[in-house]
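To keep things simple, chains are lettered A, B, C and D as they appear, and every chain counts its residues starting from 1.
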Amino acid sequence: MDTYAWMVRFAELVSADAERLTRLDSAIGDGDHGSNLDRGMRAAAEALSADLPPGKVLMTAGRTLVSKTGGASGPLYGTALRRAGKALGDASEVGAVELGAALRAALEGVQELGKAEEGDKTMVDALAPAVTAYEAAAGEGLAAAARAALDAAEKGAEATVPLQARKGRASYLGPRSVGHQDPGAASTVLLFRALAETAASS
Amino acid sequence: MDTYAWMVRFAELVSADAERLTRLDSAIGDGDHGSNLDRGMRAAAEALSADLPPGKVLMTAGRTLVSKTGGASGPLYGTALRRAGKALGDASEVGAVELGAALRAALEGVQELGKAEEGDKTMVDALAPAVTAYEAAAGEGLAAAARAALDAAEKGAEATVPLQARKGRASYLGPRSVGHQDPGAASTVLLFRALAETAASS
Amino acid sequence: MKKLIDAVDDVVLDAMRGMAAAHPSLRVDLEQRVIVRSDAPRTGKVGLVSGGGSGHEPLHGGFVGYGMLDAACPGEVFTSPVPDQILAATTAVSGGAGVVHIVKNYTGDVLNFQMAAELAEDEDIEVVPVVIDDDVAVQDSTFTAGRRGTGATVFAEKIAGALAESGGALADVAGVAKEVNERSRSFGVALTACTVPAAGRPTFDLGEDEIELGIGIHGEPGRERVGLRTAIEIVDAALSAIDEDMPLSGSEVLVMVNGMGGTPLMELYGAYAAAEKWLAGHGATISRRLVGNYVTSLEMAGCMISVCRLTPRLTELWDAPVETPGLRWGR
Amino acid sequence: MKKLIDAVDDVVLDAMRGMAAAHPSLRVDLEQRVIVRSDAPRTGKVGLVSGGGSGHEPLHGGFVGYGMLDAACPGEVFTSPVPDQILAATTAVSGGAGVVHIVKNYTGDVLNFQMAAELAEDEDIEVVPVVIDDDVAVQDSTFTAGRRGTGATVFAEKIAGALAESGGALADVAGVAKEVNERSRSFGVALTACTVPAAGRPTFDLGEDEIELGIGIHGEPGRERVGLRTAIEIVDAALSAIDEDMPLSGSEVLVMVNGMGGTPLMELYGAYAAAEKWLAGHGATISRRLVGNYVTSLEMAGCMISVCRLTPRLTELWDAPVETPGLRWGR
């Protein structure tokens, strides 16, 4: 698994979709999620190089996100990637199983920091089912597992629409947060799309 | 000549046309001429009573305008009416000739205070030709003279459209003041419309 | 029209009620419509009175207090106050040493202050009017109404106020206000129009890609409508117009980057950075400054830049303590 | 979008450049993105640091100075600052007596400050965070992100700043900031939305006859959209919501009628008059107040009312001298 290619592709997808993410955040937040994540991932992509070990790639991306993103998504995405990188350790090759453990660590990091449960209408609603689906399909290999994770992330993000937010800015809207997709869940889909594309082409 | 009826009618006409006057003032001024004159003439109409001598009516209206209107039009209209009232003196009856002298005094008062010449795109452009036309027709009686004055005021006001302003707020616009009617000239038409209507019905 | 108001006809009065409740240091007379320092009149002190249409807050009511104005008379929104008001303010602050009227050069203001001065003279109060006409956007000429009074009004009120506070004589207080006016120039730019409550709709229409250069402070359109520009270009247009009229090279200047009401402070600071760079590049040094909303045009977006060429004496008077709702330092 | 800016991506940096040029009393580090009192660090003095998204000016950078904040870290517009920035501010003001972080309760702010505090502890700087959550428009619950931090931030920064200036210990400075937060409530109303430069269009759409009740300060929609109301009705809605949550009868209060950026001062004074009347009718006495733009939401039109139930000690700390670009008295 080429984590460098994954991160670069994630940065590209975020850049291409930044406006949509910001629009989602305008509806139930403060209208900056796209520009936040784009700023962070641009910096991350610049900080990375292809010759870093896979774990180090994710750790560097995570640290850069924390340093450059701001907002809620900076610490959350940053922690997710740092934890994932840490889980990979110094390994020079990453297989389906190792990546599964890394994704699980990422989810735990996000929940530890943000205290969100599934159903709170946050990125956790895409991340948690994606990780579970990945683990369930890990036996079929990296590409299949990543594909399953993407499907689950997409369904999870879609399922945030009818929810009332209990965490993040959207929670201030109370019942008015219903009917809109959570921007962080939407960007999490991009993380798994990048993963699926990278895994498929490797 | 019933100066009380004249002033009351002027107040009514201003009230009915206040929005149009303000719109004219928005184009080349600061968008308050209608509300200014309406505020002033409301107060003036309230301060007046039908049993005052004709000259006193105009003086009271003028003083009230000065006290309540503000802006450029307050002192200018106020002075015009005060001077006109002064010219009428204590007379209990006002004929065509006396009113002519009063109107001339009003014009002089406005020009003394505001230093505007004909062609500067101000109320003077309606007032001056109206006074001249009145004087020319005074021999035909009050109603005819007032009618002639109204015609001249209307033409004078219309003729301000192509002019570039040299006095008042419109002058700040330079060449951009061209193509709009001067609001003070437009309200001066109402003064003469009120006069013509009052003279016709007396 | 969306405004935080009750009745359209009462906006000025309601604001004065708020000033009265908020500032125990001020005496607000709702009947006469004047805002007066609570310690006025002070025997032997030259009185300093200003006024004009409302909608330029904190000008003028927010500049009443120690070291600045003794009284202000707010007219209706964008409408000069009436002579009765100005007379009431003048008598309220007259301590026997005369009263200076700071008058912005608008026909209405000039005429109403002139009538008030005549009435005051009848009551044996000596009045010296000082007319502020600093706006370079307007071509000056004796055949016209002349230039408008805008941002330099704040400079004149602060500096003349300091001199009056320290016991300056009538001629000197008026003289220093005139000196400030002569050494000051302003130029304003609007990104949006504003809405006079009584009119109910914006004074002018500006397209999404247009701005007005050379606006006044009464919601009146400017001298030229141009395409949207960057802050650096806008600051360049303003300072170039000022510099052309009053060369700045070699001067120590007081600069005000003034918001017209609806532009965030963040943007005004950005414009100030551009102004500082421009002036440094043209040989002028900023030694004093104001960045913020001081002479507004209701909720208009945009800014006005004012520059005063300082002298050591003017700097000293600028630095003197002032304590008003809108400007305060040194106490 | 019409803004007085150059490049959308540089608005915060350009504003900081302007702050740097305009205020010699501040040290502005464009690299680290922090605004620090020029006399920091002062040995033995508890440091007071705040920060948050930009676009709320003068909060927080405008409140750095004598008697208030020691440093501020402005994030991108409406985006929490990053831990590196907060750490830089914390080390810059650390005089060995510990540093208090004033944090507005937003997930992003809380997380970024928390990470910064951990980094600071690594450098042996003791940090005590105080979270401000005064906004009664948000239902409080342990299952949610809780209430937002809004207007009370100004109260906490001023009062804790006064205590820190006079030599208060770490626990006491943090304690008084917490006390202010507990005794304060706010409620905001928007008449228009605002436009984040990077987004390029208004955060939400409001009809010509609609207003938002219970807005935050980040351009986020409020808790309820209702028809246009008068100032008296709006003030009643805000103060009723506050009073319901924290009964005001019998209290001496500090009141802020805060403009969101695009509402003329005139209207804010009108609203203050209405607030004074409302409070008097409900048994509360205003003994201190602010009327103006202190915690803005770019150019949003509207206002926020904040109330703090004073004690003699809080009043004394409020009255203590302060000298910052945004708040100044007593020197």
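Everything below uses one rule, namely that a residue touches a chain if its C-beta (ideal position, glycine included) is under 8 Å from a C-beta of that chain, and two chains touch if they have at least 3 such contacts.
All values reported here derive from a predicted model rather than from experimental measurement.
Averaging C-alpha coordinates per chain and comparing to chain C, the farthest chain turns out to be A. Centre-to-centre separation of chain B and chain D, using mean CA positions: 54 Å. One finds 32 Å separating the Cα centroids of chain B and chain C. Chain C and chain D have Cα centroids lying 29 Å from one another.
For chain A, no residue reaches two or more other chains under the stated contact definition.
Residues of chain C in contact with two or more other chains: 77.
If each chain is drawn as a node and touching chains are joined, the picture is a simple open line.
Chain pairs that touch one another are A-D, B-C, C-D. The touching residues of chain D, when paired with chain A in their complex, are 53, 75-84, 106-108, 111-112, 114-115, 137-139, 143-145, 148, 196, 198-199, 203-204, 216, 218-221, 223. Contact residues of chain A toward chain D in the complex are 22, 26-32, 35-36, 39, 66-76, 113-114, 166-169, 171-174, 176. If you check the complex, the residues on chain D that touch chain C are 2-6, 11-12, 14-22, 54-55, 57-58, 62, 77, 191-192, 208, 211, 228, 230-232, 234, 261-274, 276, 286, 289, 291, 293, 296, 298-299, 301-303, 325, 328-331.
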